[in-house]
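Think of it as A, B, C, D, E and F in the order they're written, each chain with its own count starting at 1.
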Amino acid sequence: MCLAIPVRVIEVRPEQKAVVDLAGVRKEISTALVEDVQPGEYVILHVGYAIGKVDAEEAARTLELFNQLEQAQSAERPIAPEAVK
Amino acid sequence: MCLAIPVRVIEVRPEQKAVVDLAGVRKEISTALVEDVQPGEYVILHVGYAIGKVDAEEAARTLELFNQLEQAQSAERPIAPEAVK
Amino acid sequence: MKYIDEFRDGEVAQKIAARLRAEVSPDRRYSFMEFCGGHTHAISRYGIEELLPANVRMIHGPGCPVCVLPIGRIDHAISLALERGAIVCTYGDTMRVPASGGLSLIKAKARGADIRMVYSAADSLKIAAENPDREVVFFAIGFETTTPPTALVIREAAARGLANFSVLCCHVLTPSAITHILESPEVRDFGTVPIDGFIGPAHVSIVIGSGPYEHFAEEYRKPVVIAGFEPLDVIQAILMLVRQVNQGRAEVENEFTRAVTTEGNVTAQTLVSEVFELRTTFEWRGLGEVPYSALRIRPAYAAFDAERKFQLDYRPVADNKACECGAILRGVKRPTDCKLFGTVCTPENPMGSCMVSSEGACAAHYSYGRYKDIPVVTA
Amino acid sequence: MKYIDEFRDGEVAQKIAARLRAEVSPDRRYSFMEFCGGHTHAISRYGIEELLPANVRMIHGPGCPVCVLPIGRIDHAISLALERGAIVCTYGDTMRVPASGGLSLIKAKARGADIRMVYSAADSLKIAAENPDREVVFFAIGFETTTPPTALVIREAAARGLANFSVLCCHVLTPSAITHILESPEVRDFGTVPIDGFIGPAHVSIVIGSGPYEHFAEEYRKPVVIAGFEPLDVIQAILMLVRQVNQGRAEVENEFTRAVTTEGNVTAQTLVSEVFELRTTFEWRGLGEVPYSALRIRPAYAAFDAERKFQLDYRPVADNKACECGAILRGVKRPTDCKLFGTVCTPENPMGSCMVSSEGACAAHYSYGRYKDIPVVTA
Amino acid sequence: MSGTVKKNYVRPLDFKNGHIDMGHGAGGRASAQLIEELFLAAFDNDYLRQGNDGALLSLPPGRMVMATDAHVVSPLFFPGGDIGCLSVHGTINDVAMSGATPLYLSASFILEEGFPLAELKRIVESMAQASREAGVPVVTGDTKVVERGKGDGVFISTTGVGIVPEGVHIDGANARPGDAVFVSGHIGSHGMAIMAQRESLAFETEIVSDTAALHGLVAAMLAAVPRLRVLRDPTRGGLATTLNEIARQSNVGMLLEEKAIPVLPQVDAACELLGLDPLYVANEGKLIVICAEEDAAVLLDAMRAHPLGAHAARIGTVIEDAHGFVQMKTRFGGRRVVDWLSGEQLPRIC
Amino acid sequence: MSGTVKKNYVRPLDFKNGHIDMGHGAGGRASAQLIEELFLAAFDNDYLRQGNDGALLSLPPGRMVMATDAHVVSPLFFPGGDIGCLSVHGTINDVAMSGATPLYLSASFILEEGFPLAELKRIVESMAQASREAGVPVVTGDTKVVERGKGDGVFISTTGVGIVPEGVHIDGANARPGDAVFVSGHIGSHGMAIMAQRESLAFETEIVSDTAALHGLVAAMLAAVPRLRVLRDPTRGGLATTLNEIARQSNVGMLLEEKAIPVLPQVDAACELLGLDPLYVANEGKLIVICAEEDAAVLLDAMRAHPLGAHAARIGTVIEDAHGFVQMKTRFGGRRVVDWLSGEQLPRIC
């Protein structure tokens, strides 16, 4: 439910803090809820706290899945999105 | 030294208060410092407190004094106030 | 933005949409409930419904913590600020939720209540430290995602001995709400709300893991696909649900593997159990009293429990009669079924909580979807 | 306005002025000190000096409670507000008096000190009642006129148990200051300040009566005429002083019989003695330490004594070096003798207290009298 | 067109129990509703209905005058007026003091979160009435909302434009020795009406503010004496300060006659009570005018013939004085400087 | 003349350590000193030096435009600007959005007791610089001081006047179905630069406010396409709200193309972080322009040729729609309404 976004850890600080980056926007967050955060990793940020990590391999696999669909089964019918304009 | 002015008592209120009048301006003041204040009397008002009464007869006598001077001794020299314009 | 932009790709969306069209059986209807407001918001904001086949219908669930917060709890927060002189800290989302007497936190603030919008639970602790002569209450709402930070600040307040700090705990639990819906007569008996499957929570699942949903799949024979909040995640999850239905499966699948594991975030879970315990019952707007559906602060931390500290007695307050929020949250009605929608009830003057949060079904439809109700002529 | 307008009559003034011209001996000089700032103000505001013969000179005395307040006392008030977080209530007159570090009450207020201007001592009591969680200090200044109201509020605070209220007592006594001047080497030994007589206080005398002045007349052979603050009172008093000098008398005369009696206001005196006691010494700006010249709160009311409550240690602070306030207050110099007058020191940026109160010699001359220093050509 | 509007917000503003909240200033639909239901409704004119960020206006030829004033009066409502009409009069008068005919006003509002809509409505309607009565429409505006504790109910800044008739050349620098100095009526009523409302001073009087738009009076005066030298409204700082300003600008002195200066007895009394001098108390419906001695009689007649100048009086004469002193012959017979107001006018106790 | 002045106050204002006190707003000598040593010194022009209550101005013939804005920004200083230059740009832009050449500004200041003189000086000098760079002088002004806790440092209301060239007819009501909709550059930078300064949000970015005076760009656009239909600066409420305003005024709908709308990556990122939508974030140096389809290409070239229009983009088309909906084709391929801003833009958590 709650708003959360993947951000990259660029610096780990004492007292379970880290600095994260999102397209040049930086913010100090708490990593108290996630074990062993390393610079370069992506975490999911919610209300100032990392609540989990992003698994890069799984992300790649999911993106592949989106495309595999197409490769595996190819377009059977022509794509006809609703005409917007 | 301190600013104080004669005002007329128009109403005596409980708890050592009175309403006084000065040319239509009315104000509730404390009469805790003056004994037996009566409507119609003039008191000297300072920081919200009556600090004394005005003795009407003495006031008249003082005003008379200002003029007696002249009556008694008349103008010996012509009055020559500084020319202002 | 890595892990964001790739999951919003319109071209990939068209491909998945095409697949979906290809795979749905034209002769049946598919009804899926997205439990989460985050999914509701994504569906509206990105216009996902336009990409769905006509016989796939999305039912908006009760997974918006702002929407399910009952009036009585907001009344508590307001009275702490207005009558008890406390500084009440709150996430921005709750500011406009209608409470009793025509009030809301934002209106109470306009009447002099000291209400501070915070970005993080930690900010409320900072405010408490800066105002030692004032009572500072953190109005804590949210599902499992938002609960761990609250647990952290309670523990920190205890460690620092911040005697003027307390938490008005309104944290609620996702699985209980899903159970409640599945047990409701509309779903179970009358079939007025035909639910063929669930899109399972994204960020809640990061914390609790995918494990807790197994029960629903098994017990109620409902497919569940846990999905991220990006639009490709949503449409992919719908495709996965369609496939389960087509194949007669009822499993828990995880589309959001990049962040959700089976066991979830154990650190966070442990922390939450240390600070909170189950309430035997809690009122949800729209759902009524739901057993074991919320948390309260454990006796060990009673000094930081605003309910105890200020001896708050919860009294349920009836919603506006004409407001259909309850039915909408149960999936029984849609926003446009409400007579007040878009006339008396607008985001400026919300009559119900569903018009407040942009994750609320009414607000989402009002802000993003109204054109659908009205024929549009382009030049 | 009865008892006011009659005493401001310009035509009568011309008559008294004529009498004065007639009666002064052309071959001698008359120097009179008006003790009170109220008289100083009247002399400047109504242009009384223009009506006086050239050989009658008025010396401005130290009878302006704002002017004689030493820097250290204002520093106390400021530190209570700025450092101790107290609400400091004060009469408007003190707001601009320069204190240490370039501050004044008005500047401290601009820096966040909670300083409230009150019309009456009673208002500060009201503020204390309305702010039970704040310390409220009434910064009490003034001569015998202003002391009785302060005594009343202290007694009332005690009766009502207003524990957050206290008074920073800076009330000073007129007769001690007059003695001090008469004992000063300038007057007594060198004759640099030739004082032929005093205009005695108007409103102070309402409270203390004319009795206390007998001592000066007898002991120091100085005529005293107690006079009201209206301009006719002043010019008439000068005439009466000239007559005493001419006739070799040194008596206490009362021009202000409409308000001043021999014994004064006994009710007020009794109250003042109940609440206050004599200080053995007190610093006056310009005069330095003056023995038995001020009051402090009796031990019975110690709870309401801000000096005790906040353990304020008085430390004298030197005036601005170039400021001639001290000499002016002792009658040794005139405002125009000060190099800062009208350039560095103006009512906007007073360097000394005499430029603050409109009863101060510098402010009175700056605001009302400067044209005298400069030739004017009319069209 | 207002039909289209209704589609967007159906529930009207609650002018009985509602309060300003931050949303009313955020520039979204709540702001639009406030403008539509309050400001447009009250000021109702075609310029404002244009609904653009600026108003398109037609202007007769001539030299234009532009004047602005921020209004921050407390209390907002006082005997004789409120911040609304004050903000219209205050700026119209500044335009009129150039001898110009005021034509258009703009208004910018800074509202404090929590301000009751009922009071705002009362203020805006009073403003609208003042604007109608003066014949000077409010053609454009802006509204911002600040958080509670960062404002004081409502502040209103108004700006006015007007056109100066041919042949009129009024300037504070025009006073010349020998000129006659007038005031258009009793001084000090506005400031004293407001001070009487301050809780801490707590006195009762019948004093009402003199707030009024003076352009009609100015027009009548210019009709009688087109070559007026100086016009100025003695607002903050009072008569004394405004005369000092003129003396400084014109590099002259002035000599006033205390007994000629009109002051109502109750204003005089209130000043005695507070230790204030009426010469320093603010006015909002009075003007000072200076003209050549030979025009003095005609001007005084013209002023007295107008309702807002019925108590006009000649109060002094411009004199040569390189120091720019304003002096005064006191009623008592002495002479003194009448200085600028220094600092704030604080009630004096001793 | 300033020699005369010096006689009255010799000690200059302490711009290093001084603070505003109530006396600076009382209208006496302290007020005069503040005007002389700060405002006159900074804005320095003949109109202001007239020293009267209103400024006498010369105006070329033509239809006049008048616009006003109150500026209440917090914090007062932000990357890329401050309340001073903002208050100049904000009103110049509103005048320019009528197609007018802005000519004169008035400024009214509401200062909070205790405000540091050093900061006020910085603000006034920034204002003066903005005014000089824009070639639009501040010709008249007013200053009030409110008690501590009744203001927020400084509020500045500015009013501008300008003249519309012959043949130019710009109005929010002019949009017609088929017209092209443009924005002059990246949106959301101003609002996000300010939000980044708010202590409670505590993020760091290189985002700077886009605050700028747009009349030069407008002149270039009008030179290329004199018959522009609509101009408006999407300030509070952002692009979304301003387009809705125009749609309502013109009684049309719009269809936007999400991917055509220029947003800087860091603004996008900050919006993600706070749960905001850049379409609703304020701008101060951007404009929306609508023209006939046949003028679209010429207009875009003219905009891109100007430094303030370098990133101009066509973002949509006006459509017929009695409901006045602004719709958008999302980057994702869906379609949605782009509604008015509702309430205040609060950071969203969930």
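Heads up, the rule we're going with is that a residue touches a chain if its C-beta (ideal position, glycine included) is under 8 Å from a C-beta of that chain, and two chains touch if they have at least 3 such contacts.
The structure presented is a predicted model; accordingly, all values stated were derived computationally and were not measured.
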Chains contacting each of chain A and chain B, listed by label: none
Farthest-lying chain, centroid of Cα atoms versus that of chain E: A
Greatest separation from chain F - chain, by CA centre: B
Separation of chain C from chain E, taking each centre as the mean of its C-alpha atoms, in whole Å: 55
Averaged-CA centre spacing for the pair chain F and chain E, given as whole angstrom: 28
Chain C-chain D separation of Cα centroids, rounded to whole Å: 71
Where chain C and chain F are represented by their mean Cα positions, the distance between them in whole Å: 38
Sites on chain F at which at least two other chains make contact: 8, 21-23, 29-30, 202, 255, 265, 268-269, 272, 317, 323, 333, 335, 342-343, 348-350
Multi-chain contact sites of chain C, meaning residues that touch two or more partners: 1, 4, 14, 17, 37-38, 50-51, 64-65, 91, 106, 119, 123, 142, 145-146, 346-348, 359, 378
Contacts with two or more other chains, residues of chain B listed in rising order: 1-3, 5, 22-23, 47, 81-82, 85
Pairs of chains found to touch, sorted by chain label: A-C, A-F, B-D, B-E, C-E, C-F, D-E, D-F, E-F
Residue ranges of chain A in contact with chain F within the complex: 1-3, 5, 7, 22-28, 45, 47, 81-82, 84-85
Of all residues in chain D, those that touch chain F in their complex: 102, 106-107, 109-112, 342-344, 346-349
Sites on chain D touched by chain B in the complex: 1-4, 6-7, 12, 14-19, 21-22, 36-38, 50-51, 63-65, 91, 119-123, 142-143, 145-146, 148-149, 152, 201-204, 206-207, 232-233, 236, 239, 255-260, 265, 267-268, 271, 359, 378
List of chain E residues in touch with chain D within their complex: 177-178, 200-202, 253, 255, 265, 268-269, 272, 274, 317-321, 323, 325, 327, 330-337, 339, 342-343, 346-350
Chain A to chain C touching residues, read off their complex: 1-6, 8, 22-23, 30, 32-35, 42, 44, 46-49, 51-56, 58-59, 61-63, 65-67, 69-70, 73, 75-77, 79, 81-82, 85
